[in-house]
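Each of the two complexes below includes chain A, the first together with chain B, the second together with chain C.
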Partner chain A sequence: MANTRKLCKTAIKYSFLLTFIIVFSIPLPWLVITAFNSLGQTFYGSFAFTLDNFSAVFQEYRLMNSLLNSLIISTMAAALTTCISLMSAYSIARLNPPKKNSYLRLLAFCLFLPFSTVMIPIYAIASFLRLTNTYSGPAIIICAFELPFFIWLSKAVIERLPNELEDMCQLDGISSLQTLVRIVVPNIRGAITAIFLLSFASAWNELTIPFLLTTSPDKYPASLFILYFIRENGLSRQATYSPGLFAAFSLIYVLPSILIYIVTKVFLRKDPYKSSVILG
Partner chain B sequence: MKRLRKKTATGTLFQLPSYLILSLIVFLPSFWAIFMSMTNYAIAGANYNNLQFTFLSNYFRLFTDPEFGNSLLITLEFAIITTAVEVSLSLILAIVIRGLNRILQYLYYVVILAGTILPLSVSIYMFINVFHFKYGILAQTSFIPAVDWFSSYAFLTVILCEIWVNIGWIFFLYVTSIDGVPLQYFELAELDSLDLIQKIKNVYFPQIKGVIIVTLLFGLINGLQSFMIIMSLTNGGPRNLTEVISLFAYKQAFKLFDFGYGTTANMILFLLIVVLLVPLNRSINPFGRKGGEPRGEYQETV
Partner chain C sequence: MADIRLLNINKFFSDVQALKDLTLQVSDEQFLVVVGPSGSGKTTLLRILAGLETPSSGDVFIDDERVTDVPTANRDVAMVFQSYSLYPHLNIHDNLALALENRTFTENERDVHYATKGLQYCLLASFLILLSAFISFSLSSWLRLLGLILLWLFFFATISSSRIRRGIEKRFFSLVGKHSGTLRSYMRKEQEIEEKIRSTAQLLRLEALLERKPDQLSGGQRQRVALGRAIIRKPKVFLLDEPLSNLDAKLRSSMRTEIARLQRKLKITTVYVTHDQTEAMTLGHRIVILNNGRIEQNGSPREVYDEPSNVFVASFIGNPPMNLIEGMLEINEDQSAVFVYDDNRKIRLPKSMNAVRIPDHLRKGVVFGIRPEHLKAVKVAKSENSARGMMPSVIKGVVDHVESLGNIAYIHSNIGEHTKIVVSAEGYSQFDIGDQLFAEISFDKAHFFDLKTGLRI
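Let's turn to the complex of A and B:
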């Protein structure tokens, strides 16, 4: 009797697991299969391996242009985020600025501020500052919404550094900026790489902010290009944009964020200041 | 003394860029939103260059607008359903997957975390490919009747996509917090030969109660402000069946050019989220459990 109950429970458990993985992995293989299939978008049956879709992506001007736009925007955003968050975090951790606690509380407010509720005033301000349809507009706004998290993060990293080196610098009369650049930054290289990569990945994935700010097609980043492609063409089998081509493009677009995820998860594990960085 | 003062001045100087960018992009818009919701501000249309202070009339208009009432209900429904499913499903998964072998575990991690790691645009693209009425994967199978998912089952489809995208990080939180539970509890549970339900009730639940509350609140906040998925999958349709508040506000502002009215709708959404932020602020501590002191009800049941 007990044996049957146990068997029943095991059956329930494994059928749950099986149903879950079937339902949840439906969207995933489609992308890969279509990208390598020369026969277009037939999911079942006909499959013929090819790399033509990938070489076609590199010959298509609009696709490459959108990848380039994404690269420019996310590099700008990541560089801005890394520099600014390092400076603020160093200031909070070491320089004891006035109103430190209220600054931290403000950061917490920004961290939880939902973007979609301030979308309209942000658009108004961005169009007033002529930031629409530029690279710098999305970069600055992405940076602003990433800053709170990365300031907290780099603060935690810098606080774990031993104080003695910086005390030596003070004895030698080296300025705070020099101390930050020459002493602190080289010591937390790994953490800085992680911060740069993580902010790059989240800027690379960002969809809502470019959606709000960019209307001219030659400034579309890749994420927005995918979205507008769906809306314009549906899945119709057009001669210029076959599903295979587009699946290949999506795979190429996805690659950096997956690589960054793996790099931050696996390789930076060795860094002594990792644990506070690799939380998310 | 002099040196100390100089030091704090440098500190402020170092913070200056972040102050500048945050006040420009975050604080100014948040306060301007309050002002805008009390005007008839518009960037085009009849009210362009005709800025008038209308005080609370936008709010009165909003509360008598049946369309807004409809979208408020839909938003709440959407947030509650997605959160309930995400939290319970990922909790069960996190517990069940512990018992599997390493390779299967990694397989599940990949599938569950995919929605979180992949860019949102690609997730949306894949979902449209699954549910498209003609070329979608479901339409090509023979055992599922061909229906137009985005019009007949719009709400269900949108909820499924939201869950698929969001379940990853909630699952991840559960996995890490269960890893943090001291092993002796499980050993004790093994000795008492508790079954899974008893284990959940007496070991898991008391130990990760804080994380459950936090994920519930986070999930609700996430569900309330969901915009891009609904916008690109159904765009609020059919009729107004999936028009959440953020989408309502977006349409008011960018389709009808009524920025003031759209901002007013968003202010209500913001208030809803602030209501959730207060308990979240209070319970955010349980991420790191305090001290080595064992706690939880399991202590009493043993």
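Let's turn to the complex of A and C:
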């Protein structure tokens, strides 16, 4: 009797889980199959293996250009985020600036600020500063929205370093900037790499900010280009771009995120003071 | 080289007072040990001396110069932390060098040095690119790939070996140094640093370890590196914060000897913080006992041991600690003084003690203190009444527990309902658990403390 009950419970639990898994994972096989299918969008029809879609992506100027745009914007945003978050996290964690707690509270508030509420002022400021249709515009604003999270993260990383390391630097007469550059940074290299890659990935996936600031298709990053793709062409055979091309492009677009996930884990294990904060 | 004076130091951490009106003087070349239980403020005291904390009030003088507001770097003090805190990403050589670099080089020299370094790498890189270009144009396709891979592999292998990198640097720098006086003086100073590192490594037997990273060293070796980093720049004052507490017992005693030897040799004023009273007794010229941010006693190891100024010092110094028995002083019917404890159990006191100490404290609470080694355990008491006051008095007890260490045995025994004492005996103990024991007291080594104030009478 008890056994049957247990079986029933397990069956119900797993049927729920399976439903969710199927619902969420359908797009992925569709994407992969379509990307390698020469017969266009066929999830039910026949399948013939081909790499033509990929070679078509590499030959299409606009697609490659959007990937390049994404790369430039994400690199800029990630570099900015890493530098600023590292420095401000160090000062918060170690130098005891005045009003430190209210600053931290402000950061926590910014973490939960929905982007749509500040969309209009940001657009106004960006167009006043002539940052629309540039690379630096989206990069700076993406960085601004990533910063609160990454400052918290780097603060947690830096706080794991023993205090005595900095006491030692004081005794050795090393200034605080030098301490950051020569002592702190080398000891959290892995974490810094991870922070860079994570912020790169979130900038790479960012859609709304480039969407707000970019109107010229020349400056479209890949995420925006996929949206454009769907908007302009739908997914029919008559469109300029075939679904196969779209799927292949999406796969290429997703690749960095997967790579970053793997590389981050590898890098984080290298630090002498391991930061379980990011490792999870 | 320097004496230290602390004047009326107070230190508050929010509302907790860590140091209370502390005044202390350490004379030149002295080895001062600050000892106390955890939370007594001894590390705070050291950090104030180092300048890592600023006192809430009071002044710090080093070498008759007021340094209360002088930043740590300019005080010329060196400190060794409990956790050693070596820079984990640098090898031992660079760990030692970093302590000197900031004190040795001028801004200008450093700038020229880095500029030269940059130039060197630019030249190296352009040379490599030229070579790569040559390979790619001259060789056939697969050889070209192989050649490039080999070239870059070789390059990275060379660069990642610090010895080779230093070798390249030296050549290049001597080449450029011919034309730059600043670089020449930089190089001369660098050589001096190398020389100092070599002699320090020799002093501490670290020569074989210079290329290793701190995490490749054992605890004792790390400890020696930490010491080396402190002594390499010949500071005015040497501060040690429980340096031996992370080592195992055997290593600790050998490092203790080493620290004492080093201090004698270098003659640097030293303040050593510890909670271990063995270290305090063996190392210090002078011992300061700290409790709750206050100095309980300040004196030579001998004074502190033989004449503890209060109950706290008496119980803190000595292992096993002094036997402390609470009780009262009274006069017997025959006019001899007795110490009464634990519901009318009595210890007869010799006449020599009567006159000076007792009258003021008659019928008041006192604490009787006697060290285990000043008690002699015997099986049969010599007839107590034969020569009153002449014979050492005895305490009667029952053996409760025996600790034998080989050379010495500690006999714990109950001498009343609530009172226990420890008696030490040479060699192995003659007593078993449950035996009756008589402890003969040598009264010239006994102390009385006021129960209320804790002060010695």
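The rule is simple: the second predicted complex is superposed on the first by the 239 of 280 C-alpha atoms of A that agree within 3 Å, B and C clash if a C-alpha of one lies under 4 Å from a C-alpha of the other, contacts with A are read in each partner's own complex, and residues count from 1 in each chain.
What we mean here is this: a contact is a pair of C-beta atoms (placed from the backbone, for glycine too) under 8 Å apart; a residue touches a chain by one contact, two chains touch by 3 or more.
Being a predicted model, the structure only gives us computed values, none of them experimental.
Engineer: Put chain B and chain C onto chain A via the superposition and say whether they clash or fit.
Structural biologist: fit
Engineer: Once chain A of both complexes is superposed, is A:68 in touch with chain B (first), chain C (second), both, or neither?
Structural biologist: After superposing on A, A:68 lies clear of both chain B and chain C.
Engineer: So in the superposed three-chain picture, is A:168 touching just chain B, just chain C, both, or none of them (first/second/both/neither)?
Structural biologist: Touch status of A:168: second partner only.
Engineer: Using the touch definition from the top, say if A:143 reaches chain B (first), chain C (second), both or neither.
Structural biologist: first
Engineer: Which partner reaches more residues of chain A, chain B or chain C?
Structural biologist: B
Engineer: In degrees, to the nearest 10, note the angle that opens at the C-alpha centre of chain A toward the centres of chain B and chain C.
Structural biologist: 100
Engineer: What is the contact status of A:255 with respect to chain B (first) and chain C (second): first, second, both, or neither?
Structural biologist: neither
Engineer: Touch check for A:18: first (chain B), second (chain C), both, or neither?
Structural biologist: neither
Engineer: Check the superposed model and tell me the shortest C-alpha distance between chain B and chain C, rounded to whole Å.
Structural biologist: So the smallest C-alpha to C-alpha spacing between these two chains is 5 Å.
Engineer: Mind listing the chain A positions that touch chain B in their complex?
Structural biologist: 9, 13, 16-17, 20-21, 24-28, 30-31, 41-44, 80, 83-85, 87-88, 90-92, 95-98, 103, 106, 108, 110, 112-125, 127, 140-141, 143-145, 147-148, 151, 175-177, 204-205, 207-208, 211, 222-224, 226-227, 230-231, 234-237, 243, 246, 250, 253-254, 257-258, 261, 280
Engineer: Quick one: in the complex, what on chain A touches chain C?
Structural biologist: 162, 164-165, 167-168, 170-174, 183, 186-187, 272-273
Engineer: Going by the contact rule at the top, pick out the chain B residues touching chain A in the complex.
Structural biologist: Going by the criterion above, the answer is residues 7-8, 10-12, 14-15, 17-18, 21-22, 24-30, 32-33, 36, 41, 43, 89, 92-93, 96-97, 100, 107-108, 111-112, 114, 117-130, 132, 134-137, 140-141, 164, 169, 195-196, 221, 224-228, 232, 246, 249-250, 253-254, 259, 262-263, 266-267, 269-270, 273, 277, 280-281.
Engineer: For chain C, which residues are in contact with chain A within the complex?
Structural biologist: 47, 50-52, 71-74, 77-79, 81, 83, 85, 87-89, 98-99, 102-103, 215
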